[in-house]
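Following this line, the structures themselves.
Below, chain A partners chain B and then partners chain C, in two separate complexes.
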Partner chain A sequence: MKILIEREPLMASIQNVMKAISSKPTIPILSGIKLEANQQEVTLTGSNSDITIESIIPSEEDGVVNIHEIVPGSVVIQAKFLPEIIRKLPENQVELSVDDDMNVLIKSGHAEFKLNGQDTEEYPQLPVLQTDNSFHLQIDLLKMLIRQTNFAVSVSETRPILTGVHLKLENEQLELVATDSHRLASRKINMTDTDGLTFNNVVIPGKSLSELNKILDDTQEPIQISVTDNQILFRTKHLYFLSRLLDGNYPETSRLIPNQSKTVVNVNSKDLIESIDRASLLAKDNRNNIVKLVTQGQNILQITSHSPEIGYVEETLETNAIEGEELKISFNAKYMIDALKAIGTDQVSINFTGAMRPFIMQPDEDDEPILQLITPVRTY
Partner chain B sequence: MDNKLIFLVDMQSFYASVEKSANPKLQDHPVVVAGDPERRSGIILAACPIAKQYDVETAEALWQAQQKCPDLIIVRPRMKLYIELSYQITQILERFTDQVEVFSVDEQFLDLTGTERLFGDRYTVAHNIQDEIQEELGVYARVGIGPNKVLAKIACDAFAKKNEQGIFELTHHHMKDTMWKLPVGKMFGVGSRMEKHFSRMGIQTIGDLANYPVQYLKKRWGINGEVLSNIANGIDYSPVSTQTHNGQKAVGHHMTLPRDYETLEDIKIVLLELSEEVAKRARAKNYRGHTLSLGLRGANVNDPTGFHRQIKLTSPTNYGMDLFHAALQLLNKHWDGLPVRSVGVTLSQLQSADVYQLSLFNPSVEKDQLSKAMDDIRKKFGQTAIVRASSLQEAGQVFDRAQKIGGHYK
Partner chain C sequence: MTSWTELKQSQPVAVKMLNNSITRQRIAHAYLFHGPPGTGKQEASLLFAKRYFCEELHDTSAESCNACPTCKRIESGNHPDLHWIEPEGQSIKKEQIEYLQKEFTYTGLESNKKVYVVREAEKMTINAANRLLKFLEEPSRETVAILITEHISQMLDTIVSRCQRIQFHTLSNQKLYEQLLNQGLPESTANMFASMKLDVQQSLELNEDDWFAEARKIVIQLMDKVMNPSEDGYLYLHQMYLKHFQGREQLDFGLDLLLIWFQDLVSLHLDKNESIVLTDQMDRLEQFHYVVSLSEAKTLIYEILNTKRKLAQNVHPTLAMEYLILQLQR
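Let's turn to the complex of A and B:
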C-alpha cells in the first residue's frame, strides 16, 4: 500500500476517528486506526465497544485533489502517536507506505517515521447495518437537537438507561427526550417524507451524541439516520458513525410534564441567565447550587442565594409579566442556566405549579416545540 | 501553637476495671472481658493487670488465654455500661477544663493551657484527676503530659503506663533522652507494616526517624512522611477538638457474620438490614448521602478475598431501600461467590437532610414520610418493633444485634 496525500484532509479524518478510540480498548488492536486505500478513496476507521467511526477521504472532490497517488492496500496503525506525527510534519504532502511486513513509512519533506503497523486481518469485522428504517435531517438541525437535549442526560450509572437520549418518531414527528431524573429536556420537530416510518424506545448514549456533535460541521447538508434494534447509524457523504443503543425501556416521560400551572412568568432569557449566574456565584459551594426565586407583585422577581460560611446575594429582576399565585421556589442554578441556554430565544415563559412541583420553561413564541423541565430543591 | 499543656488520660484495662469495681469479689482474681466463645466475637477485649501477669493479651482468642491461665474469670462485655462510664469520665475531666476531646472509649485529651493558677501545677492536676476517677468509678487512670497531643499520647503509652505514679511528662527538652530511645514501632502512627519499611531503611528508633532527612520520607510517603517526621520531632499542631463527632464524613455499619454466609439469598438479608441501619443512623443525624460503598470480606482468612467498591447514587438519600438497591447492584457485580465472613455498608458524601433536590421518578416526599413513620414507631416501641419481613429468616441478624453495641452485648 502506498498513498501520497494532502496533510490537511488526512489530519481532519484522523481527528474524526480518534473520537472512537479508547485509551483502554477491550481488544488491543482497537487502540489503532485502520487505513484502507482503494483506487478512489482512503477510508480511516476507529472503533470502541460503543461507537465506530469511518471517515472517507475521496481522492478528488469538487476539483480539489486530496490524494495524488494510490496503491491499494490496508494497515492498522497505533493511534496514540499518529495525530501528533501528522500535525508536525514539515510539508503539506504526506507519503505513507506499507511493506509486506506491515512496517509503515511516513515521509514528508526530509522527515521520515517508521512505525510498526498491524495486519488488518486482526481488526474485528465491524457490524454491517442492514435496515430500511432510514430518514434524513439537515446536519445543522441535528446538531441543534443534540445541543438542546443531550446536556440533560444522567451521568450516574445507577440507572443506565437515563445516560442516553430517547428518540421517537411517530406521526411524522420526531421527538428527543433526555432526563437525569432531576430535569428533563424535550424537543420535537415535524418531519416530511418519512414514508410512514415509526419507531420508539431508541436510546442513544449521550456520549455518542456529544462525539457526533463534535465531528459534524455546521452545514445544511443532509445526514442519513438509520435505526435498528440495537444500533443507530449516522451517515454523511464522507462519514459513517455507528453507535450502540442502550438496552432497556426508557421511562414514559409525557406524564411527568404538568399540563396546568399556577404561576406564569414571562421574562427576558438573557437577563434571567445573567442574574441567576450572579446569584449562583455564592451557591456553587454548596452541593445543590441553590438559588431562590420569589415573585413580587405583578412583574418583579427577587433572586437570592446564601451560603452560611460565605455570604448572601440578592437581586431583583423586572419581568414582562407575572400571572397567578405568589411563589417562593428554590432550584439548582446550573439546571436553570443550562435550560435557558438550550431554549435560546429572547423571551421565555416559565410555568410553575407550586414550590414542590416541577416547572416548565418554553420559548415565548410557540413555533419551536422545545420544553425544559426542572424539579425544584426542597428546603425546609 | 506548640506550647500548650495537653493531657492524655487513659483508663487501665478499662472494661476489666469497670467489671472489677462493679463486683468486688473479682478484685483479687485474674479477670478478662471477652465475647461469646461460641461466636466469632470470642476474643479478649480487656484483661485486668492480674491476668496480664499470666501473659494474657488483648485481642487473642479466649481459649488461648484460658490455656495460659486456667483460673481465669471470664466476664461478658456490657458495652452500654462502658459507654456510660466513659461519658462520666468526660464529665469528671470537664471539671478541670472545657477542652476535652474524646479520643476513644477509654482515652481522652485535655487542653489545660492557662489553668495553672486555678488548679495548681500539672502534676497536682494529674494526681487529682487520677484520684477523682479512682474514687468515683474505681478505675485507675494514667496521665500523659505534653506540649501537644502527640507527645502527650506517647508520654502516656510509652512511659506513664509503665511507671509507679502513672504520670509522665514528655517535653521538647528531654524528648531526646527518652522518646528518641524508643523503637520506632512505639510511635503513634507507625504500625507493623510501617515499622518493617522503616527497619529496611535503617530506622530503628524514634530518634533515627527524627533525624532522617524529611525530603526522602516525603518523597516516599507524601504528606504522611512529613507528618511522621514531625511526630518523631515532637511537632504536632492539631488542636484538642471538643467536636470529634461533628462534621462527619460518612455513616457506616459493618458486621462480622455469626457464620459464613454462602448464598446470595442470605447475604441479601443482612445487606438489607445493614442498609436500613445506615439509613436510620443517617436520618438520626439529619444527613443524606450521595455515595454508597459496600465492603465484603471472604471467609478464608488465609486467602483473603472480597472487595470494597462504591457507587454514586442518583440523588442524595437516607432511605433504606435506595441504599439497599445500590448495595445489591455492587454485590451482584463484584461478589466472587465465595463464602462471606463480614459485610459493611457505608454512606458518604453527606449533606444536610433539610435541603434536597427533588426527583421526577422517585417519590422522595413519600419516602421521607415512610422513613419518619418507621423511626417514630421504633422510638416509641423499640428498635425491633418494626423490621423487614426478610429479617425473620434464619440469616437475619436484627433481633440479635438490637441487643448489642459494637457486636457485643449491651
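Let's turn to the complex of A and C:
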C-alpha cells in the first residue's frame, strides 16, 4: 500500500477516529488505527469495542485534491504516536507506504519515520450494514433528540438496560425514551420517508450517544441511521459512527405515563427554572436536593426548601393558570431543572395527579411531542 | 496444542466430555476446568473458544479450522468477543468482574456470541466471586463462561454448583518425563520438571533461562550450608539466596526446588530409589541422609509447605525465609 496525501485532511481524520480509541484497550489490536486505501478513498478506523468511528478521506472533493497517489492496501498503525508524528511533519504532503512485512514508512520532506504496523486481519471485523434497513434525519434534529432524552439515562449499573436510550420506530413515528426509574424523558417525531421500516427494543448506550453528540457539528445535513441486531450505524458523508447496543428487553414505559390529571399548572418555564434553582441552593447539600411546591389561590405557586441545619427559603411565583385541586408536592430540583431545560419552550404545562403520583411536563403548544415525567419524593 | 486429538492423548475423559457437548450442541453456560498445573486446561479453553467462534464449521466435528481470521485472532488474543480475566497481582478484583458485567450488558461486537475465561479463578476476592455469581445465575443467551482453577476446594460452593465441572487429571510423571526427553532436555532436568508438573512449554522456556540454571546452583549451595553445622545458612540466605529469588513467584519456585530435595531424602530413607528425582546429586543425598533422620525430613517438608502458605498470605518474604532457614539449619 502506498498513498501520497495532504497533511490537513489526514490530520483531521486522525483526530476524529482518535476519539474512539481508549488508552486502555481491551484487546491489544484496538490500540491501533486501521488505515485502508482503495482507488477512490482512504478510510481510517478507530475503536474501543463499544464505539467505532470511521473517517473517510475522498481522493478528490469539490475540485480539491486530497490524495495524489493511491496504491490500495491496508495496515494497522499504533495510535499513540501517529497524531503527533503527522502534526509535526515538515511538509504539507505526506507519503505513507507499507511493505509486505507490515513496516510503515512515513515520509515528508527530509523527515522519515519507520513504524511497525500490524496485519488488518487481526482487527475486529465490523458488520456490513445493509442500507435498506435505514432512515434519515437532519443532524441538528438528531442532536436535539439526544439532548432532550440522553440526560435521563441511569448512571447506576444495577439495571444495565436503563443506561441506554430506547429507540422505537413504528407507524412512521420515531420515539426515544430514557429513564432511570425516577424520571423519564420521551420524545416523538414524525418521519416521512421510512418506507414502512419498523423496529423496537433498540437500546443505545447513553455514553455512545453523548460521544456522538460531541462529534457531530450542528448542521442541516442529513445523517443516515441503520440498525442491525447488535450494532447501530450513524452515517454522514465522511464519518461513520458505530455503536454496540445494550442487550436485554427495555421495560414497557407507556403504562407509567398517567393519562389524566387532577391539577394543571401553566407557567413560564424560564421563571420556574430560576426560582427552583434559587430554592435548591439550600437543598443541594441535602441528599435528595428536594424542593417543595404548593399551589395557592390566585394562580400563585409557592416554592420552598428547608434543610434543618442550614435554613429555609421561600418564594412565590405567579403562573398563567392553575386549574384543579390544591396540591402540595416535593421533588428533586435537579430533575425538574433538567426536564425544563430539555423542553426548552417559553411556556410549559405541568400535569399533577396527586402528591404521591408521578407528574408530567409538556410544552404548552403541542407541536413538539416531548414529555418529561418525574416521580415525587415522599416528605412528611 | 492445536487440536482436540492431540489433547485427547493426555486428557481422554475431559476432551471426550467437551467434544460430545460441542457436537451434540449441548454446550453448558458455564464450565469449571479444574486440575493440577500443566494439564492443558488453558489449551482446552482456547480450543473450545476457537470452535465456538470459528467461521468454517463442520457440524460433525469438534475441531475448528484453525485457518480462518477468527481462529487466528483467538490465537493472538485479538478477538473482541473473547474476554480473558487474570489476577491483577494477588487476586481477581471486583473491578475486573465489573468490567465483565458491563461487557455482557452490551451486544457482541461481531456476533452475539461471547465467551469469557477466568484464569486462576480461585483468586477471586469474595466480592468479585459474588458478583460473578450474579451472572452465572442469569446467563444471557449465547454466552459461555469458562473458569480455570488449580484449587477447586478454594472456590465458593455456590459458584462450583453452577458450573459443569470438567476434571483434568494429573499427567503421570513418567509420561511427562518422556515428553520432555523427546524435546531434547537432559535427563536430570527433565526429571526435575516432571516432578514439578510443569508443562512442556514452560519447561522448555525454563531450560533456556540462565536464571533457572543459577537458581538450581544456589539451592544446592544452600543445602550444603544448612546441612553442615559449621556453615551458616542464615548468612548465605542474605548474601546469595534472597538476591537471586526476588518477588513472590521466584521465591515460590525456590521453595519448590527445596521441596524436591527433602522429598528425595525421604525416598532415600525408605529405600525407594526409583522415585528419587535428583539422580545427578546422589552423593549429596547419601551424605545428607545421615544428617537428617526420616522424621526430621518429614517435619522439614511440612515447614517448607508452611512457608509457601505464609508467602501466599502476604507474610513478609524475608522474615518467612529467615524462619525457614533457622528450622532447616542442622
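Quick note on the criterion: the second predicted complex is superposed on the first by the 293 of 380 C-alpha atoms of A that agree within 3 Å, B and C clash if a C-alpha of one lies under 4 Å from a C-alpha of the other, contacts with A are read in each partner's own complex, and residues count from 1 in each chain.
As a working rule, a contact is a pair of C-beta atoms (placed from the backbone, for glycine too) under 8 Å apart; a residue touches a chain by one contact, two chains touch by 3 or more.
Model, not experiment: these values are computed from the prediction.
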{"item": "Partners on chain A (chain B, chain C) - clash or fit", "value": "clash"}
{"item": "Chain B versus chain C as contact partner of A:Asn213, first or second or both or neither", "value": "neither"}
{"item": "Which of chain B and chain C A:Asp229 touches, first, second, both or neither", "value": "second"}
{"item": "First, second, both or neither for A:Ser134, with chain B first and chain C second", "value": "neither"}
{"item": "Touching partner for A:Thr158 - first (chain B), second (chain C), both, neither", "value": "first"}
{"item": "Contacts of A:Ile29 with chain B and chain C, given as first, second, both or neither", "value": "second"}
{"item": "First (chain B), second (chain C), both or neither touched by A:Ser97", "value": "neither"}
{"item": "Touching both chain C and chain B, counted on chain A across the two superposed complexes", "value": "157"}
{"item": "Residues of chain A that touch chain C when the two form their complex", "value": "26-30, 49-50, 121-127, 157, 160-161, 163, 205, 229-231, 244-248"}
{"item": "Residues on chain A engaged by chain B in the complex (per definition of touch)", "value": "154, 156-159, 179-182, 184, 251, 256, 286-288, 290, 330, 332, 356, 358, 373, 375-380"}
{"item": "Sites on chain B touched by chain A in the complex", "value": "290, 311-316, 326, 329, 351, 354-362, 364-365"}
{"item": "Sites on chain C touched by chain A in the complex", "value": "69, 72-73, 76-80, 83, 98, 101-112, 140"}
